[in-house]
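Chains here go by letter, A, B, C and D, matching the order in which they are written, and residues are numbered from 1 within each.
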Amino acid sequence: MKKLVSAPALFLWAGAFLIVGLLLAFWWAPVDASAMGFSQKIFYYHAPIAETSLVGFGVAFAAAVMYLRTQDLKWDRLGYVSVRLGLLFAVLVMFTGMIWGKSSWGVWWAWEPRLTTFLLVCFLYAAYFVLRSVVEEEQRRATYAAVFAVIAFIDVPITWFATRLIPEGLHPVVFKAGDTGMEGSMFASFMISMIGMTLLLAALIRHGWQIELLKDRVTDLKSILGG
Amino acid sequence: MSGWGQIGAILRKDLIRELRTRDMLVSMALFALLAMVIFHWAFTVRGDTDLTYFTGGMLWVTFVFAMLLGLNRSFAQEKDEHCLDGLLLCPVDRVTIFLAKTVGNLVFLLIIQAVAVPVFVLFFVEGGFLEGLPAFLAVLLLADLGICALGTLLATISMNTRSRDLLLPILFLPLIVPLLVAATSATTLVLADGAGVREIGGRLLFMLGFDAVFLVVAWGTYDFAIGE
Amino acid sequence: MAAAHYRRDGATPLEIEIEVEGLRKTFGRREVLKGLTFSVPRGGFLSIFGPNGAGKTTTLRVLATLLTAREGSVKVAGHDVREDPMPVRRAVGFISHNAMLYPDLTAQENLRFYADMYGVADREARITELLERLELSARRHDAVRAYSKGMRQRLAIARAILHRPRVLLLDEPHSGLDPRAVDILDGLLTDIREEHTFVMVTHDIAKGLEWGSQLMIVEGGRIVYERAAGVDRDSFSAVYREHVRDGSVL
Amino acid sequence: MSIEEGAKYVAAAYAIILAVLVAYYFMSARRVTVLRRDVELLEEETKRRRASAGGADAD
């Protein structure tokens, strides 16, 4: 059981799902009939990456709650690693989002609600690292980081909603692909990619967490030996 | 003593202090008025530019930044003179401290707005303003409450860190954006398009929800923010 | 001041007022207190000595509910500091080298604020009484900013005993005081000695021995020496040097 | 935009992203291995010291 969820195992599963998802997306799912055309294929990894980023922040939220309840620093390490990976995926979302924008709207950036939300989320979680860097005392840093991770995660859906309050008509809203019903083959390809990307995140979090815990252990042992 | 009495005591103490030194209010008010002049230069592209459509944005950008100045000060003394320890020694719920500080900051922000809003309207809004007043005040109060609640929570965290004043805007601004979007668009609708409470109802509701969410979050986390 | 203020129902003279068992405190992964166990009876005076960083102040702050320790049990005035902090806070007065006063407020305003926070019923009478006793009445309407260090420290004492605490925690109360202020502080301690239980953290061996009924040396987060009072300064200094690696600070 | 053009964008982006993630994975895997070895070495060293210190205390 333990072997099945170890980081290498997760990585292999992720690889399998991603490759199958890729094959299905490019060769099985039909080319989108609307103006999106072939570039709609980007949807099969753009959306999973976005979802995975939010899963990362969700894990950080859960870890923050656990830390505040137990004051056990291992949860702080998990939160830290999850935010880092969530942010990495959020940056990738911006990257794929911009490519999408260029290929379907002809511009690299549009103030479209979802892109705007992710831009703000990037700023939000960048602040998490700034906060960590200015608190020296470890327990205090963990506590503040946890409080902020809780606040930030709650702010994400609020931000997503708020960007829809920006008056329309200023910028064209083109992004409707996800809203219309998907064909079965599209949906299956999409789900498989999504599972693969989430498993990849799980593998990366496991490794990252392990690294942080091992680093702590090294520090402890060194201080025993040094003192 | 009841929580209300303690809120009153903290509030009274902060008000006496502020009215005696006036260091927060003076700098906040001067900032708000200066921002107005700068916005005028920045946005007047031609002699006859109508800035009415920008007033909502200008107002809330100004108030958020003015509040950042105030928030940095509101915990400075508690920290510098170790009064925070004295406060934490008292038999007081940490949430009571949060509520008292939030109300205190709200009072200061309202004082600043009482000065700045009329001047803003005089300078930038063309046409009537009074018929939109109820809607405008609703936006003002809901936005102020959210700014002060979230601001107080984050100022409590940032005062205990190495870089204090520098950290607060970085934490505060991305979190406050949703409220800022709602407040700005609602204010613009009221001032420029003559919308009433009914037309901006959705935005008011959104702001109310924002305030409620962050009051609850602060309720749950303030112990951690202020302690140890 | 009547001792009746401080008596709780069923209190016996030798009741334990402060009970600490297996207290451990970590800051992050650094363990500052490594299992302290001690107790102070009602009316006792515990003097804690030890080098900087030994964990003395941390211990005091745990007793005052300013810090929470996750391991061990700490009871002050019959209440667990972690489970039930409010009655502990009401029972404790804390005097440290930081005055914890608002410099822009007057002495009277400072005391009024704290009196309201503690819910002192006879606020004005109590403030007047304390200001007189601490010889601050003449300056009660001056901002604390204008006070000398000694005066601030006296006002800090008034702040700490305003709500008639049963337990007084003293964190280096003599440090930074001029001789006159030391005299006043000692006079005041004499006045209130009978009615309170004390824990004092100090570097000052003479003061610690003068006041303490129990002596304790803490080093590296452990109690390394403990005894009842009744020892002269020279032999205690020798003991201190023996137990504390850097005993030369004395 | 033609299908060929779009395909170029999409394929390139996917390749880059997967390369980044896979590289990230192998870097962190390496890091884990290195740290595990460090911890093992340090633990052995601690045990050895403790053994010799314990012998000294017994005197």
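Note that a contact is a pair of C-beta atoms (placed from the backbone, for glycine too) under 8 Å apart; a residue touches a chain by one contact, two chains touch by 3 or more.
Not measured: the values here are computed from a predicted model.
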{"item": "Middle chain, criterion being Cα centroid separation", "value": "B"}
{"item": "Euclidean distance of C-alpha centroids - subunit A vs subunit B, Å", "value": "32"}
{"item": "Distance from subunit D to subunit B - Cα centre to Cα centre, in angstrom", "value": "45"}
{"item": "Length of the line joining the C-alpha centres of subunit A and subunit D, rounded to whole Å", "value": "20"}
{"item": "Between subunit C and subunit A, distance of the C-alpha-averaged centres to the nearest whole Å", "value": "51"}
{"item": "Of all residues in subunit B, the ones touching two or more other chains", "value": "227-228"}
{"item": "Shared-contact residues (touching 2 or more other chains) in subunit A", "value": "139"}
{"item": "Pairs of chains, among all present, that meet the touch criterion", "value": "A-B, A-C, A-D, B-C"}
{"item": "Residue numbers on subunit A that touch subunit C, as the complex places them", "value": "71, 73, 137-139, 141-142, 216, 219-220"}
{"item": "Complex interface listing, subunit B residues touching subunit C", "value": "1, 5-6, 8-10, 12-13, 16-17, 20-21, 77, 81-83, 85-92, 227-228"}
{"item": "Subunit B to subunit A touching residues, read off their complex", "value": "150, 153, 157, 160-163, 167, 170-171, 173-175, 177-179, 181-182, 185, 202-203, 206, 209-210, 213-214, 217, 220-221, 224-225, 227-228"}
{"item": "For the subunit A and subunit D complex, residues of the former touching the latter", "value": "7-8, 11, 18, 22, 31, 37-39, 41-42, 45, 49, 88, 92, 95-96, 99, 102-104, 200, 203-204, 207-208, 210-211, 214-215, 217-218, 221-222, 224-225"}
{"item": "Residues of subunit C touching subunit A in the complex", "value": "26-30, 70"}
